[in-house]
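In what follows, subunit A forms one complex with subunit B and a second complex with subunit C.
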Partner chain A sequence: MSAPKAAPSPSGKLDAGSTPLLTVSGVSKAFGGLQALSDISLQVHTGEIFGLIGPNGAGKTTLFNALTGLYSINHGEIRLYGRRIDGRKPHQVLHAGLARTFQNIRLFAEMTALENVLVGRHARTTSGVVGAVLRLPGTRREEADSRERSHALLKRVGIAQHAHRLAKNLPYGDQRRLEIARALATEPRLLALDEPAAGMNPAERAALRELLLQLQADGLTLLLIEHDVKLVMGLCTRLAVLDYGVKIAEGTPDVVSRDPKVIAAYLGDETL
Partner chain B sequence: MDIFLQQLINGLVLGSVYALVALGYTMVYGILELINFAHGEITMMGAMVALSVIGALALAAPGLPGVLVLGAGLVVAIPVCVALGLLIERVAYRPLRHAPRLAPLITAIGVSIILQNVAMLIWGKQYIPFPAILPQGRHTLYGASITDVQIAILLLATAIMLLLILMVQKTRLGRAMRATAQSRQVASLMGVDVNRVIAATFAIGSALAAVAGVMVSAYYGLAHYYMGFLLGLKAFSAAVLGGIGNLGGAMLGGLLLGLIESFGAGYIGDLTGGFLGSNYQDVFAFFVLIAVLVFRPSGLLGARVVERA
Partner chain C sequence: MSSVLSLNKTRSRWLTFGLLALGLALLPFLVDAGLGRSWVRLLDLALLYVILALGLNIVVGYAGLLDLGYVAFYALGAYVYAWLSSPHFGLHLPFWAVLPLGAALAALFGVLLGAPTLRLRGDYLAIVTLGFGEIIRIFLNNLNAPVNITNGPQGINLIDPVRLGSFDLSQSHALFGYTFTGIHLTYYLFLLFTLMVIFISMRLEDSRIGRAWVAIREDEIAAAATGINTRNLKLLAFAMGATFGGLAGGLFASFQGFISPESFNLMESIMILCMIVLGGMGHIPGVIFGAVVLTLLPEALRYTGDWQRNLFGQIYIDPADLRMLLFGVALVAVMLYRPAGLLPSTRRRREFADAQG
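The block that comes next holds the complex of A and B.
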């Protein structure tokens, strides 16, 4: 099992553990009168599995959308490896090394599983139509390489047998895996997963957990939104808790789970 | 049966030209859900530019082989049309990407009027004859005749369509186009530069239109600043007939429409006892359009004409 080759870091010093991979500082986002994110700051370090939890509507997906360039933010800045990625377009953020999956699965339904992953390769390949028409050796090599890597990724997430089925015909759990494979194909440094275990049965959850741990072991950094508290607590090195668009806690699972503000947010004030 | 075979040949030739133009409509619609009504005028521009080049070359070097002269016309017309298509997308459609759908549609009609008038200013109002440079060979086939020009149109159109299918199915750009057609947002989140894909779509559609424009003017032997209007409407009807947004549908719709027109024009005199003649040829495309919109709005092969929420 070879890791998807991460793009080389821009300079050697960034590999020192102290430099955060992702820095979110003072990010705010409002939709009309609704303050969806208020002054959010957090740092994700290389090699971590960083959890983002909070009640429904706390702003987790909004933060994901802001990170990946879907929403422009009103205040603050977002840096990946020290480089600003706020204000960039989604495909530029992806090129910088941040890929994501979606809470409600958003595959290219009318394309095969393999083609979905190949679209993920788009960002890391360059060949144009002319090369394809003339069947230039460089283009053919690149295409063959893309296919090989994509097959390997399908195998890695455990759905190689579905390579030539349309994405929409895959079982639900496998669609979630396909989303991960597609995101991995973009060779991210940071993979953001929006509720990857949603709707999965216990066996699928266990397999997903294994997969995420393997990805971490291969050097990938993960940012995880998840509702399954058991999964989050067992998997994440650190957590941030959002409630009503405000970060109310951050720390290791142990610390966060004992934080009275977190307990209040999840269970309601009366339990205090 | 010779008239049947003759109409079949004429219909296929005409239909393959319609198919090329219909592909431009359908590709843009598939990605932007925009009906690019200026597409017919791009076809016209292709014909006009090619004819100017061909006319000038035929005068300057009368000895040159006709095929070479025609090729020179195409070599100039294609980049001009591609540039025009890119310019229109950039200036007229992209600023309206997030506007209500009616706005770009009306803009498209505006662009087509502008192009017609620009063409009229450059080339005048008269019909421009296609110089007699092409081989005038004519072959007889079971009582029907087929000209060299017709054979060339059929072969070239078929080759182009096969290449297009291969491109869309097998190449990196083709995959990006299909991904963008399914979801612009997700495609961009997966690293596809959506603006580039849209520009590429316009470029390819315009190149096809240029070729089709040259084919039409070579086939009918003339070009005119207004020729894009009817041709565009018919190709649009063909795209709707096949299922707009569907490449195979545009090809099928184009061929069917060509056949319907050809057979309609061939038999309408007999059917109405001579009351209506073949000059009613143009009516059939619009009968087809109305019938499709009433009975099968998604077209023959279309499934994804559902309005998105």
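The block that comes next holds the complex of A and C.
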């Protein structure tokens, strides 16, 4: 299970078939005296829905922030398709194919739903100032293509009717969906969702579950932080459990839910 | 049915466009006849401020970077024009070469200012940019020794007007049987540049670049996590804004024929910021409206002495004092009753309506 601590080769070109999609090896992160993450290692394989669970303050969101370049890590390395992404800036991590959503929704509040998704296209488009001012044919094609894809994504997550409403005026559940649509617009290989079901009612949760399963069926790999144990157990192919910044268990939902350490740390406190 | 409708729509759009063009073309003559020649001059200045306000609007309105030193770019454009087109260094390059140079230098300084301030936001950025504006002004004030570059507080005089061949824009010309004074001709030149700047702003607003700027303004972390290179786009915003500032500076120098550091003080930066905030931040028609109103209003308030004399027979309050007082009252009133600006974008209007409702 211990990932080889290979010398940090710049390109790390390995055979894509044998390489897991995301490899986290020995990652540590401290804030002053607080050890938020200690020696975390895990692997996410293509096509999985990988769950990350643990009590509040266990370091799940910290790990997400470290993965997506918002935090720099103190030790260890993170690879996406064998290429190092630790030490990269957030937009570079996104270019490499890892998109995310936020626990406390972070939409562009004063932009419409459609515009939010169009911003997601930024990373996969190239037109600049001259193209924009002169509306060169390439820019127009690119813009039309972005709009078409963005409309399709809004439809896909089920909020096509809200395309021209301001993001902040959408109902809560739809804001979460919009964040997913925006992340999907960046054409990720791995989508990291930070508590996507938080604050949703049972009907919204069921719809979200359907959406995530559909995304998986379409070949997307998902990394999921979630507090809703029922949702996680039913959805995830594998789970890792964090507690106080340490990974205390990893495996299929069945195995993890029977692990005494997990029960003590997490499930034991829950009224299931 | 629908084709008839769309035909009508296109036709009415062309009609509006035609009327607007005709109005803008006749405006200096109407103003000249109705209010006097000094108001045509003010019209020219108003157009300059529209260019300046639209430039600052890119930095403040779109990218959300509070810049209080914007006037520095205006000054740089003006001094580049003065250096290359006046007896000061004995250079007399043509305006079509000097204006782009001034704009380019301003853009370079925009990047130079932007680079060290990338991590700053809000109040902190405002303080640093304010310092930058003052540094440029103080440099201009003191660079007359040991080598006389800026001629210090005396400023640079006898700057060349815009000239095309032997056609001097500052002189009166008889064209099509009418006499056009220099002020009238300058109006058309400035109008041309203003329309260009408006066009560029509109195109940028509705583009990949414009959306990225607004995304940075709305939430910088989310913007970065959505794949926007926030560093490059902020620098681009600074550079674009500074380009417009430098262009306006060059036009100002050619128009006045004289510049000195005094014209580029902090008050000027704040005035341009007021135009944006008052008109409607991030909304092009609002910014244009704000620039025109705030150029003309202080001038109109110069007549308060005459009003007092007409009403009371004598002058009670010095018009110069009263003017600034009324100006301040007007600003406060607008912010109280129209907090989103005089002509807010539909977006901002909704935002404030939501906040109240």
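Definition applied: the second predicted complex is superposed on the first by the 248 of 272 C-alpha atoms of A that agree within 3 Å, B and C clash if a C-alpha of one lies under 4 Å from a C-alpha of the other, contacts with A are read in each partner's own complex, and residues count from 1 in each chain.
One rule holds in what follows: contacts are C-beta pairs under 8 Å (C-beta built on N, C-alpha and C of every residue); 3 or more make two chains touch, one makes a residue touch a chain.
Bear in mind that the values here come from a model prediction, so they are computed numbers and not experimental data.
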In the superposed model on subunit A, is it clash or fit for subunit B and subunit C? clash
First, second, both or neither for A:Leu70, with subunit B first and subunit C second: both
Can A:Thr237 be said to touch subunit B (first), subunit C (second), both, or neither? neither
Check whether A:Pro90 is in contact with subunit B, with subunit C, with both or with neither, and answer first, second, both or neither. both
Pick one for A:Glu110: touches subunit B only (first), subunit C only (second), both, or neither. both
Using the touch definition from the top, say if A:Leu166 reaches subunit B (first), subunit C (second), both or neither. second
Under the stated touch criterion, which partner chain does A:Arg135 make contact with: subunit B (first), subunit C (second), both, or neither? second
Check whether A:Gln43 is in contact with subunit B, with subunit C, with both or with neither, and answer first, second, both or neither. neither
Which residues would you name on subunit A as touching subunit B in one complex and subunit C in the other? 68-70, 89-91, 94-95, 99-100, 102, 106, 108-111, 115, 118-125, 127-129, 132-133, 143, 146, 182-183, 186
The subunit A residues in contact with subunit C across the complex are 68-70, 89-91, 94-95, 99-100, 102, 106-111, 115, 118-125, 127-129, 131-135, 139, 142-143, 146, 166, 169, 182-183, 186
Once bound in the complex, which stretches of subunit B touch subunit A? 163, 167, 170-173, 175-176, 178-179, 182-183, 185-194, 200
Which residues, counting only subunit C, touch subunit A once they are in their complex? 199-200, 203-204, 207-212, 214-215, 218-219, 221-230, 236, 240, 347-348, 350-351, 354
How about subunit A: which of its residues touch subunit B in the complex? 68-70, 89-91, 94-95, 99-100, 102, 106, 108-111, 115, 118-125, 127-129, 132-133, 143, 146, 182-183, 186
